[in-house]
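Starting off with a structure, shown below.
Order of writing sets the labels: A, B, C and D. Residues in every chain begin at 1.
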Amino acid sequence: MSEQFRINRRDMLRIGSVGAAGMVLGGSALAQSGEYLPPTEVDTGKVVGNKVIFENWRAPADAPSAPPPAPLPPEERVGFALVGIGRLSLEELLPAFGECKKAKVTALVSGTPDKLKTVAEQYGIPEQSCYSYDNFDQIADNPDVQVVYVVLPNSMHREYTERAARAGKHVLCEKPISVSSADAQAMVDACAQAGVKLMIAYRIQYEAYNRRLQQFVRQGTFGRLVGMSAVNVQTVAENGTQQWRHKRAMAGGGSLPDIGLYCLNTARFLTGEEPVEISASIYSPPDDPRFAEVEETVSFTLRFPSNFMANCFTSYGARDDKYQRLNFAEATVGMPNAYKYEGQSMLIGQRQGENDGETELVIQAPNQFSEEIDHMATCVLEDRRPYTPGEEGVQDHKLMEAIYQAAQTGQPVQLEPILGLDAFRGDPATENS
Amino acid sequence: MSEQFRINRRDMLRIGSVGAAGMVLGGSALAQSGEYLPPTEVDTGKVVGNKVIFENWRAPADAPSAPPPAPLPPEERVGFALVGIGRLSLEELLPAFGECKKAKVTALVSGTPDKLKTVAEQYGIPEQSCYSYDNFDQIADNPDVQVVYVVLPNSMHREYTERAARAGKHVLCEKPISVSSADAQAMVDACAQAGVKLMIAYRIQYEAYNRRLQQFVRQGTFGRLVGMSAVNVQTVAENGTQQWRHKRAMAGGGSLPDIGLYCLNTARFLTGEEPVEISASIYSPPDDPRFAEVEETVSFTLRFPSNFMANCFTSYGARDDKYQRLNFAEATVGMPNAYKYEGQSMLIGQRQGENDGETELVIQAPNQFSEEIDHMATCVLEDRRPYTPGEEGVQDHKLMEAIYQAAQTGQPVQLEPILGLDAFRGDPATENS
Amino acid sequence: MSEQFRINRRDMLRIGSVGAAGMVLGGSALAQSGEYLPPTEVDTGKVVGNKVIFENWRAPADAPSAPPPAPLPPEERVGFALVGIGRLSLEELLPAFGECKKAKVTALVSGTPDKLKTVAEQYGIPEQSCYSYDNFDQIADNPDVQVVYVVLPNSMHREYTERAARAGKHVLCEKPISVSSADAQAMVDACAQAGVKLMIAYRIQYEAYNRRLQQFVRQGTFGRLVGMSAVNVQTVAENGTQQWRHKRAMAGGGSLPDIGLYCLNTARFLTGEEPVEISASIYSPPDDPRFAEVEETVSFTLRFPSNFMANCFTSYGARDDKYQRLNFAEATVGMPNAYKYEGQSMLIGQRQGENDGETELVIQAPNQFSEEIDHMATCVLEDRRPYTPGEEGVQDHKLMEAIYQAAQTGQPVQLEPILGLDAFRGDPATENS
Amino acid sequence: MSEQFRINRRDMLRIGSVGAAGMVLGGSALAQSGEYLPPTEVDTGKVVGNKVIFENWRAPADAPSAPPPAPLPPEERVGFALVGIGRLSLEELLPAFGECKKAKVTALVSGTPDKLKTVAEQYGIPEQSCYSYDNFDQIADNPDVQVVYVVLPNSMHREYTERAARAGKHVLCEKPISVSSADAQAMVDACAQAGVKLMIAYRIQYEAYNRRLQQFVRQGTFGRLVGMSAVNVQTVAENGTQQWRHKRAMAGGGSLPDIGLYCLNTARFLTGEEPVEISASIYSPPDDPRFAEVEETVSFTLRFPSNFMANCFTSYGARDDKYQRLNFAEATVGMPNAYKYEGQSMLIGQRQGENDGETELVIQAPNQFSEEIDHMATCVLEDRRPYTPGEEGVQDHKLMEAIYQAAQTGQPVQLEPILGLDAFRGDPATENS
């Protein structure tokens, strides 16, 4: 056996030899309980301001840990009243508050007393902070509530936003802001008059993958953005005729304001531009009572001032799919699950040295609802204008009205160009929301 | 133009026509604010017991929503004291409590007062529930604490488990349970004597994808399990010589007990079997002070009674990778990120009708730390034996000692076969933890 | 050590023991050269007709091998003359003939003598079967040529198709068939008059993944097809102004007839339907000489009689991307590389038992050019009408003219509905082409 | 409408206007047949030496086309005789010759006359170049044959290699070279004595993705290679007892020499190193007649001089899977289908700027069989030593014998270290094979 190899064998066994005493099966361990560093060495992490900071303990080849969350002390957080405790509130929003760092739920509003009681108990909301739709206005007297989060059918958004504003509370309102641009504008006006903030819950604008994609677009990372294909479709139960989503008066439309809105709003958000031309085509299966009042399917194309074009498709008739694909001069970006509650991903097709490659980017993506809610809390705490204020919602309604008009008349609708970027947005959310 | 087509055109436009009044750009909307269903129709969801249940509102082609979480009221939850507020506690565990349904943090223990004060404020822990390592035993008098969660360097696990047991508190202890099987057994004995529960925080055994994979294995969904390749590697900073993980007395070993343990423990968990033969090979770069006391790299092979074989590989020298691949008679299952804190996925290669297909399964995967903690809370609330009790940790230490022995002697180690499945496990976690 | 285990150990070693004599390192092998089955047992496979058939030697969990190719003897194959030996001919078509089973190259036509000589030598084409554009008509006298494959700039397709037809040769013509529907129709008429077949080289209609997708659509495997998003974009060199593709007279258009045609043609092919409404929008960067005559970018939407809608996007301004995504009632199908020369794939998102899953289907996909060429050869051998005859090309030109008109006028174009499926197609290609 | 927008509209329509005359539906096209560039401008591409070269016509964001193949004229190619026309020959090798650039099939050898006749006709092999096993030696007189490609059961490799060498023909022999290292060495000696080349058909060493991976390893692109997990498993039909693969005397072993060999050989090929320590474990299901003589499953671990370790797993009991995963200091590389006939891919997990990313690399991957065969042809044409000569096969047999010994004795086998890289390899294949 060569010298070289024997050296290798020795190296290989060296570590084993050091620990030999502790390695015999069933024997006494070298490593003994009680041997430890003094606590100050064990408890790593320094306090800087009100945060704990750790050093990176990994080599550069590995992702460093994100800094640990530094939540605001419970008593300093902004209190939210949730108006409406349906599916979205129970499945997503109430759990999301558990991941918030600046917000907390302090009141609930509901029309069904037993559900209200059950949910209030689950989340520790005291009885005196539970309201019905009738006595909702008494919320004005509740100092634990600074923001009212309206999670009701679309046609009710205006009333509860206005009542909240009159009660002196800021408003976070689910999308779409309302059922028409006129109503939406009235809500904006009411909040302005009352001196309260109005933010629309466009969660995608607070979602980490879409925000990164926005950076790529704005910074020109992949060159000119040429086109986008956006899909937001899902099914509704066949016996779902009683759902408010199928009633025009309640919903303001069908798949378009409910889910197609994500395609529209995200195209605007990513580029910061506003469309100048819209064409559209609508289809609803005849004789299906679910689509007697509202549309099932809309295809629409947006043309923007930079001549970027977005092909959008939404429907209640196809299995759930929320996909967007962007074609840049120098890259293709696909985002499966682009508009889902979670599970976003991003695939970037690009020239990589002498090869083509498709890279799946891994981004730390916190709960998007928590991010959105914390942004509203931050705006209250720091008196900032929300990134997605009521005006953002008004503009989407104007554009949806143009989509319906284009489909109805069979004529593309031309829109007055709007100069500048982010014409309807407020202060961007930062890393600290 | 054919009759058929004219009908189609009419259908196409019908919806648009219905809503025409509301569609004119800038006009008055047909859908008017204030038109809404009575609140009882809006607020869907029925209360059953202490839960709210919704009907499925999607067609069968789409996944139904999971039932909304039904957290225990805060005052009914099990209180946990966190011993050690290092990286894992701050980055993962404290946030995970925000997603728990049965557990809450009620006390903190730390040796660094300013960090303790900062973190206690962030999470609303009252000053009287903050302990140092010195006065930790006073926790016996704290009725808000039912479980002590030990999150310290390995060599300290025994002491704090024993002190907690003496204080009459149940113990949830991070993995590995200790630094040797002898110490581990002493911990089990101490808890038994004190009449408190001891659970080891094997989070993977509570992680949704791995649990589903366990079902596949146990139910024989893909036929006999023939082999498994498991990898758990990551890097450590080059200047990391002061970390306790590099000190044998503190850590009990290097990459093996820290991360290689996942390969070992998961192979046991998935099959329920215990290995009968172990071979192993170790390597550490000579002259690297980080690996003067503990090993960098271990390759080991486990053979189980069913003759299923697991090839495992762990190292501190390679970029982060936590992968397992299982070869069944009728399928291949790959799990990228198998042992990560989040982001698990599962790819199943299988014959599908007349084609081969690889299916990526989408599973609702809650925060695995929250699931683990809630399981401990459930065991306390329902007086059940934890699924991963101290004995599970003792067995892993015995096997790791066999791995070290095999590497040191250059001889495979034969182990007494253990009959039956899940010899060291308690009551399985259910869907409600 | 328990009895059970000892038995296991014995089983485990049994095989080893059997072969012991042959296993000693460097020793004499038990398995000795010269020991073999009689040739009839070695040479498996039976001759059935003119094919060799093997039994499946794998378990049902694995894909059986496809039957081995059974190429026609060289002298029985159909001889093709390639007119134009530019990029496509050299990079794709000539190599593809090496994978054909019924076709062979027997003549070449080119205007550059040194290139003609070089390529003829490489592929063993005799000098007397090499033609210039001037003496091309002498091909009439070449009995080795049955089909002329026209691979020239679009505006030259008509002339060479007509000359080939006059020479009594069948014609396979690259897509687009020509530069206008009028020219296209003239080509169809000329071939009909001459009694020769005319096929357009729509390779996607012969590509395995797209053909499987067609089956899914036609058989309703995933329910109603609701929408489709199709993208075909690629870049052109900045100094590419001299390319014929940028000259309207030569190309008939820009990205639309060159690559956007794939979106249009594939939507028609998959459904068998013909569009009834087309809207479109065009953009070309001003002052870019490459786009002085032809368009850079086109977005167009097709509506079909079944109310299926296809959003299509094509451009010369974005990095190569050839993607289609289909939204069905019960599944989502994504096809990266849908229109590429190779590398197609198919991902099917679908409910799978109690989970959502995305399945990547693995299909045996032969060279699509070879399949296309062999289909033409089969049509000649069996006197069948090509699946993609000249009429298929005429229809695409009519539709592209409608797209240009819609973009130019800003008005959607309504088209006379065409009853029935596959109105312009011939006999489907079978598994044997 | 603002000025800016009107300008945009004009730009948008400008292109349309230019082409207006040709755009009216059904009208006369502006682009008219017959308008074309002179042929010399159409026929792009320059002749350089005996190759045609095209300029890149795409922007740098897109992959440039590979240069078109420049096959040797048929009469200059190296002629191969195929000995054995079983599954591999018919399904893979004969078709692969259609994609070769330097090789051609000129003779066939078989023991079943009707199959021989059928296949000879399909591939145009003249009757006088068809041989039986009896009259095979007459091939010495056939000037069209320069290489004999042995595609027979393993135990027959030696005889036919020796007979071919005696006939003065070079030999390309399927893997494994034989059934023992002794036989393998005899083959090497026989060819050396006869002055003919001997190459073993290790196709993976000629496969594009594995070759690129070799570059990454050798150039240290991702830092030190720490570990590798390699799997090669597949099933065999249950009634497959009569297959020669289940007879030790014919096959020399079970899954190990047939498919496990790929894991072993590729680990050696990628690093260029030779293992110094081997441990192994074997299992065969008792009472399964298929595994009465040969093993079903082998797990083995290789340790190399650089302390890189490879965990390998092979079995006839699991669904087809051919996977390798490499853990480097700075990246993880996964290769699904690593050892398949086609469909290789490569996923590289790596730090990318501020993110983690997993990149799927797209590499032009020609038919690996054609590459392998063309390499042998090149070695004949240029009198070079094959990259995978007989010695490469001898070494694999020695290592497989060590694997069997380790499994049988339950003791790792230590091997004499071999200095230098690629100790048993010849001249590397170049891009031109």
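Throughout what follows, a contact is a pair of C-beta atoms (placed from the backbone, for glycine too) under 8 Å apart; a residue touches a chain by one contact, two chains touch by 3 or more.
Protein names from UniProt, one per chain: A, B, C, D = Gfo/Idh/MocA family oxidoreductase.
What you are looking at is a predicted structure, and each value in this text was computed from that prediction instead of being measured.
S.K.: Any chance you could check whether A-B or B-D wins on number of contacting C-beta pairs?
M.R.: Between A-B and B-D, the larger count of C-beta pairs in contact belongs to A-B.
S.K.: Farthest from chain D in C-alpha centre terms, which chain would that be?
M.R.: Using the mean of the C-alpha atoms as each chain's centre, the farthest one from chain D is A.
S.K.: So, what's the distance in Å between the C-alpha centres of chain C and chain B?
M.R.: Each chain reduced to its C-alpha mean, chain B and chain C end up 48 Å apart.
S.K.: CA centre of chain A versus CA centre of chain B: separation in Å?
M.R.: Each chain's C-alpha centroid was found; their separation is 26 Å.
S.K.: Centroid from C-alpha atoms only, then distance chain B to chain D, rounded to Å. What do you get?
M.R.: Taking the average C-alpha coordinate of chain B and of chain D, the gap between them is 42 Å.
S.K.: Touching two or more other chains, which residues of chain B qualify?
M.R.: If we look for residues of chain B contacting two or more partner chains, we find 11-12, 59, 61-63, 235, 281, 283, 303, 307, 319-320, 329-331, 350-351, 362.
S.K.: Would you tell me which residues of chain A are touching chain C in their complex?
M.R.: Contact set of chain A toward chain C: 222, 224, 226-227, 229, 231, 233, 235, 277, 279, 281, 283, 297, 299, 301, 303, 307, 309, 311-313, 315, 317-321, 323, 325, 327-332, 334, 349-351, 410-412.
S.K.: Note which residues of chain D are touching chain A in the complex, please.
M.R.: Answer in residue numbers: 1-2, 4-5, 8-9, 11-12, 59-63, 223, 276, 303, 305, 307, 329-331, 350-352, 355-363, 414, 416-417, 419.
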